[in-house]
């Protein structure tokens, strides 16, 4: 697609992808409210007594929101330079999944009880992920998490190994009488205990079992310090880098614009070209 | 109001707002004891057996405390230069709420069973917030929390999104039979689990449900590190700034005096003018 | 008491207060084993089935340990220069409490069922505090805790205020039917929830109650970061001070000797005079 | 054994101990999959309904895995220069324990119900420890844990002393009626509470008991900060050292090769001699 896009397309693009103009702000606010309303409706629908009383209200609201999201989806496809890239992107799939459930339920309208359809309808909860678009701001936070992800994975993997070994041990000691009916259940219990959740649906009753349970708890209480230490250190070093006078502009003022061509986001304010593909950006 | 306040007003102001004089200290101690006694009385009153036995004692004590707080409230209004500003301030509202419940219960004395009245009487527990006046010391602590508030909010928001998605998933998998009667309840369960509280009133029973529950727990165990890391880093940088030799007096000796004119607190010792409005301070 | 103490007193003092000699080491090991054995015995005695089977064994063992600790107590009094100071010190009281319960039970032998006597016998568990003598090593740890104690107290106090307010709110919303029978119970539940313990003996059942419970949990999950951040920062700064090249000997090699005169401990190795009172130390 | 080893031995050694060649990578992948499959099978076997349906499948799979691990074990012994050192090493014992249970069950085939045999079969879960070989990468992580191990031990020891004292107190206050049947059980409950696990199988019912329980929880909530602070500080200082420009090569590129002679691992890339015994390494 050339840069000579029609005028209305440029305007629509600005409304959808930029929050600087008045229309863009309004679009963002309406979308935000629609997302939250939609998720609240799905949640309320799942309450049987509520669903029976306000079935029609829920159905109509759902249709309004579905149509709204459909328009948004189409508008995004039309205004973006590379529609296929958008459609196959994370947000593209989320935006599609936000609309189709209701249409499918229309096709298979009579067979309401189908479990697959029920699951499909619940897919609408994933609309909450549309909110993630508005969470992208805290760069330092996400970069610190990304930097420590590998170490935390190793840590969680080690925790899992611990849980398998201790779970088997507890299965051997407590046995099915205390609720430790199989190794997977025992491992589940061990995870519940080590992470200090402690439901209490399964609890050791033999003295040796309680002794090992106490060991697991103290272990869990002690090693929670490890991931915390990792993120703390990582985050401190990231903050320090930010304050480093030799790299003064680590956190640039970004805007919510996204590149028409490659959909890259987080451009710095007043940037004239996409940092990713070099495409000229709207100003 | 001019600075030529009557002598007794100045004295009263000193007693209420300053802890340096003997009378001021005595006032503080009596107020502190009254607050704690009052909250303890409200708590004891809620124990039915206790209320039945010592009803008269509780009633009389409550009246004594109410009168005491009323006197305090009026004294504060009289001695402060801008009474309206005090009345509409946080502490002004708390001080008012500490006194009115008993008076209202006097007016509607006969209709004791009214739910609204019961709620009103419990309002007295908010008297505990009067204690917040004495907690203002740790500046570094609150400033560190304020600095990391935005990031922790983003984090908690992300946690909520996670809980909504996992909650819906668990509702789909476990269903009403295991206690996951609706999506809101499932989301509630998910929050209980992810925050490692784990009541156990609702617990997954199917293998897939337990597997996902284990995932949620390990997730919760791993990501608790994130807010901790944020506050740690923020707090470390705040402490470092404090120890920075180029800004040697970051933490000044403050006194408990508050400006007569604008109610600003935390003046540095021996300050002669309010840092906020320039009003002359008592010395 | 002059420095011309009899020879056996000097020897005994060395055995008890120093771990450098062979006899001193043996004394320490025997004492450690006696403490642990004693606490284990008290714990086993509380198991009814065990007590019935091995009553005589427990009784005799208890007598042996009591005599042992009595000898230790008397030896400490005799060898120390200022016995009164030792007797009124923390360890002096612990050492006394470790011996008297059995003697008192001898006097009131017949009236075994007395609740007071039962409590007295359980006092023996405090013998575990004798172990604290051997924990004194990690100076940095305790100094970091001491430094952040004030801030953590403020934090915990704020948590308590939160719990009282939320507890009253839950009492109002849930009421006695859900187990929130009084404000103290509700506050207890709130502490259980905010600290992420979550017993589940009391759990909210109304939707509003569960909503507020979720709020409390997320709050508890978020603010755990605060004390952790405080200790982290405090500890980091303490560690940094230790590594500071301008104060290279911050952590001196200490010995377990204690001053004969003033009972001060943690003298540096090869010190010839007590750092506290100037009394000459044994070498 | 001289350096003139036969050619096939060198090749086999490369396949087993080095992941650089194609054959070595394939060996690693097969081993990894075999370990995971094996542990999953042990877990599935423990589910009674699954075991009854797929008994033959489980038995045959187990034999295949056992034979595979036996071949691996023998191959490791043959290719290593000092077989005895390998056999008595941590991984040597794990590798042996991974194979023998099935053989022993063959010998005592008839007497399947034996509890000892059942325990032996569960030993196969320890095969998961074979995975630890692949976790060795994160040096900084393990060195930080090692550095703070002593301090965390002191901390956990102090926690244990607290639990014994509070446990005894709760036993005295609550008694057998509330489930605090003996001191060990009370101490177990105290550990459950202090570590914020909170099963709820035992919960205080008396007001004083609940008050002390609240104290324990707030204590547990407050002191979790201590180990976290320790690891954080330790980890930060380790990371700093790594970034220190004066010691630029603290983390060398290591390879997965292990010395033929002494089994030492973590050699730096392109090292020509074992850093431990001086033996020439394969290049």
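Here the chain labels run A, B, C and D in written order, and each chain numbers its own residues starting at 1.
FYI, a contact is a pair of C-beta atoms (placed from the backbone, for glycine too) under 8 Å apart; a residue touches a chain by one contact, two chains touch by 3 or more.
No experiment lies behind these values; they were computed from the predicted model shown.
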Answer with same or different: of all residue numbers used at the interface between chain C and chain D, are over half used by both copies?
different
Matching chain pair for A-D (criterion: over half of the contact pairs shared, by residue number), options A-C, B-D or B-C:
B-C
By mean C-alpha coordinates, which chain is most distant from chain A?
C
Just curious, how far off is chain C from chain A if you go by their C-alpha centres, in Å?
46
Quick one: chain A and chain B, Cα centre-to-centre, how many Å?
32
I need the residues of chain C touching at least two other chains; which ones are they?
155, 184, 187, 196-200, 220, 224, 228, 230, 232, 234, 236
Which of the residues in chain D end up touching chain A in this complex?
39, 42-44, 46-48, 118-119, 122, 125-126, 128-129, 131-132, 135, 137-138, 140-141, 144-145, 152, 155-156, 159-160, 184-185, 187-188, 191-192, 194-201, 220, 224, 227-228, 230-232, 234-236, 238-239, 243
Quick one: which bits of chain A touch chain D in the complex? Just the residue numbers, please.
150-151, 154-155, 157-158, 161, 164-165, 168, 171-172, 181-184, 187, 193, 196-200, 203, 207, 210-211, 213-214, 217-218, 220-222, 224-226, 228-230, 232-234, 236-237
Where on chain C is chain A touching in the complex?
196-200, 228, 232
